[in-house]
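These notes concern the structure reproduced below.
Read from first to last, the chains carry the letters A, B, C and D; within each, the first residue is number 1.
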């Protein structure tokens, strides 16, 4: 490939160029900033107090909606409780400033803190339940929150609400804006930028991976639970800022301002605008809040109806939200499949690997399974399975469908807990280790259906995780660096199945694993690609000392590249040996036996 | 009964099935074999209406069915039994059987057909009231076959009937399919247990990378030939 | 792969689009030219009411009454010769929308006067904006916290919840009850009345045998009532918002064999609403506060103005009259409020809030003519137009004529 | 003693309404995996029709006849909602669009009631009297509602075991693909499930109207309490819903006696959160198999 030649030459430029913002978010952030800035500044500068206030409130709601969008669009969590978090912050701010005379700045900080605490409480169920269960738990919280405030009126003064005198309101700093307007505008743009940054960052990628496939996340050493809590924390922070800003803008807070309808509005704004888009929430807030409440004020009785009809109509005609659907149209218009995008061989720096091979020369067992058993619904998927994989060795694992291969891979990578038997990684007992721990300890794997993430670029898919330190790199940093420009511009959605497989392998290799478990890596690859893959695997195992377990149906490939082959059936070893030792009998057993055990793959 | 001409099909851009011609007559049991990932399942799902072929024609009963939905085809007598002994776990065995009425044209014959099939699978008649999730994998596969039988299909497509069930039960399943064929049903079976299945087939079709590479009576296929066909020429 | 050329083009197209949108928005948003008030120009009255949500019922009743008063005044030449036009905003009883609404009314519609909102928290929220813009306003709010120092240019036509509570407790004292129970709803009025009731009762050394709450719109209060019954009270002090809720309370008492008098706040006097649920016979021991103009002593008669108001509003809106019947006194107070606005603006010769408020504080006593509730008692210490002297206790179970009840305290 | 009477009759009676809403939610859920958040609005519609069409002193025949007519009408209206809600699911990958569409439908229905009927509370005369139990007299309508819940449960049970339509509808969510392979017209069946759910809540609204405290803004609380009952009973489990509804109702009444009426709703939601955290599959639900 083209990258290969110059990769070796420029190998000194090790670190990859840092891109703060994804290409598509850059455009959206620009548009968003212009729209928010213009709608805020123009009315204020021209002295339209009403429209100034309308868009300042819209911006506050926007901050909350963007925060929810980070939770919804990036981390895949549903929350109907954002209105309550917003309210908690606003109310705490007002209580501090209005009842206890705390300075407004400090009071707002207290409000944000209250939002974080409340958000943390709300995120606890997310560790247990997902999807609509979470939606209803958060709805319940949002319904109960104002009621509880009122129930404790002697402390909260919730029945009549709290007035807060805020110094400096109304005294213009510039362009008709007082400090509150400046703060709101600043934070609104900051929220958009923060979303764009998170979306472009490793953290954002990890969130999306954890949302799309918790197993893939674990196999990459990412904890989905941690990602959820982090997302709730970030969104509570943003929503808290929004709630705190509400107080100086209005100078008054009462629980009536945070009905369940507010939480629903935030959620609608995100979904109707287009979740995970940067400007989606702007469209959502403008369409669902500003339009029915402020633009169409003449049609008093029809305010609710307009709101409902807009939301419904957009979901019918723009199923992924207004901006989301437009983005899909643009993608369909402009994107062309680019094959082949991903190729492993050019990324492997042979000289570097050769240097490694001296240290890793001794063949030692890196992975060992003894007497593993596991059954599903009374049928043995693993029935006393044993296996040894040495460093620098490719171990072919073959057998008919349902013979237990995938169960074994799952047991090795920690997704399936063995009923009995032992797993040792590098001589250390790892039977009870979590999938994440194994991943961090240098066990990399791929999946039968590649777990790549359609909406991310190729580059983002590769750069999901931090590279483990302390292990020598399998891929050439310089070559990776050179591929960056090309990879950044292509979304995975346009790649073929085979390309996605290779991409998944590249990603695993980037983490410099000591053990590599490959589940049918050759499926979907063209014949030339298969042989190239075989060569790369050989190179990696021989030179870098990686122990490879290769589950593959292309027996020719297995027989060509594997150092050792184990034929499995009914959860046991049927034959094991070098390709030369195994005769036709073993081959035919794999091809035609077709007996199997229950297995969940 | 069923006639495929130059069928191409697959998920996404890549075609897993690339130009398959196939004719199946009533009472004939066709066995499709081939290495994993060569498009066998894709082919069955395309015939059954779950996938639309990107090219080619499928004629059932003299009419093109490339646009028909799976449910419409089932009601017209073309049924697919999905791989992995898929039954409705929360429904009782008898309720699972009752769902056959969805595609059984001759409703009055239902009781008789149930009686017949329970004689063939006596284990099911012992467990009629139990939810299907309590059955073993093999029994669930029996149930799936029995339900298909009761719906009286004219074409039965069967995807890996032995997948995920104890090896001792494979024969009984194939015997059942043979019995069905003898009653005039056109049957297409995709099966990995090639050797076990060979003796029950009227015709064997070998699929490799989406293309038919060999076709003929079972007697023409011995171990060596199959191995070579599976691995591709030259090994 | 999106080529950078295409990207650039899309960027510029979208930027242009955004710019157009912004220009369009601000064109619509640009403030109207300040107007010098001339006789030809209409007098704009801003209306800030909940027309959707749980408080849509009182909101729409009040709206009808305002429309009636406006039609009366316009027939008689308007305010300082200017016809009144209404600008209505739905606030859904949400203080956020109240503030937005009041900002729109003041800055966008340039109204001369504001009527609403009808919740105390909403009023508290809008007051600073009205004060800053020197807009006078009349709301339908009852919280004792709404003193003139809080709402400098704001007034209310509603009976103050604190005054009501005082009246209820005074009545209980006169009946020589010593042990009473409190039941109130989850609404803002119910909760704040509860606080005052407790204060008043402890001032008079009466024992509170129990204190319970139900949700507005609840359907079965027997559990609350039963727990109150356990304290063996001599009477029940009830502070509701809606008449149907009162009906359900009475039904529950009947079913529990709880035969004690009920002294209700303003919401308990919506006789027709109560009767729809509980029936007249259940209401024999119910007493409730209401406006004096709608209470009739056995010896006295029904004031003519009350009668003509009822007939007038029936003619004005025959279809909506049925909805209005239980709250005719509230409608009358609202109607009076609009007339007070007219008098005050004309008396002060200005719509400026400070002048209107100052004029009203000094002259409210002279306003009685033509008002259904003739005793306007707003002063420097209270901006409630109708004080304790406008409040009586009636028996909602005995309706003398539409909206008028027999008094319990003659 | 009186507390016990109130807890039993009224707690169970009010809980029966939750159970009815929960069961109707389950019907749709089992066929489509959708939780219809507009369910409460259709309860209100049922009551609204009772208010509009019932004469002042209806005979039993008129009452029941009209009840059936209203039930059918509400069923048809929910089928229309179902059609709209199912539309985007055809093309989109976004399987959560129903969260927005069902809520939007709720908002639209609420605002239409407001526009055409006005904000008045929906007060319907109670055609039944009261009966005495443990020292308190109770409206006969409470046990009638409990009876309606049991009848609905039995009816659904019969429908699911004795009709092909009911059987298939109940099986859809278990394996959509296998159902299609067996000849089930998925979209039509899911529409029917909306219609049947509409029948249940329509009847609940019509017959329960005198006790339910209906108004244009009351819908969401029915949907929420119904969901609480459905989750505690185990989503999709009709017997669980039938038991959990009255259990929640009784607990709500008990909470009034113990902590006071202001915490009634909070107690129900605390129960929901507790159940979800300890046993997400519901008290009567079966733990879902873990996917690896």
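Just so we're on the same page, a contact is a pair of C-beta atoms (placed from the backbone, for glycine too) under 8 Å apart; a residue touches a chain by one contact, two chains touch by 3 or more.
None of these values were measured; they are calculated from a predicted model.
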Name whichever of A-D and B-D has more C-beta pairs touching across its two chains.
A-D
Distance from subunit B to subunit A - Cα centre to Cα centre, in angstrom:
39
Mind checking the centre-to-centre distance between subunit B and subunit C? Centres are C-alpha means, answer in whole Å.
74
Between subunit A and subunit D, what distance separates the C-alpha centroids? Give it in angstrom.
37
Shared interface positions of subunit D, touching two or more other chains:
111, 114, 262, 265
Please set out, as single numbers or ranges, the residues of subunit C touching at least two other chains.
51-52, 186
Going by the touch rule set out above, which residues of subunit B reach two or more other chains?
none
Determine which chains touch and list them pairwise.
A-B, A-C, A-D, B-D, C-D
Per the contact definition, I'd like the list of subunit A residues that touch subunit B in the complex.
337, 377-379, 400-402, 496-498, 520, 523-524, 553-556, 570, 584, 587-588, 591-599
Subunit D touches which residues of subunit B in the complex?
48, 50, 69-71, 74-75, 79-82, 86-91, 95, 98-103, 147, 151
Interface residues, subunit A side, partner subunit D - complex:
78, 124-125, 128-129, 131-133, 135-137, 139-141, 143-144, 147-148, 150-151, 215, 260, 264, 267-268, 271-272, 301-305, 307-309, 311-312, 315-316, 319-320, 410, 415-416, 600-601
List of subunit D residues in touch with subunit C within their complex:
2-3, 6-7, 10, 14, 111, 114, 118-121, 123, 130, 135-139, 211-213, 215-218, 253, 256-257, 260-262, 264-265
Of all residues in subunit B, those that touch subunit A in their complex:
12-14, 35-37, 136-137, 160, 162-167, 170, 191-197, 223, 226-227, 230-232, 235
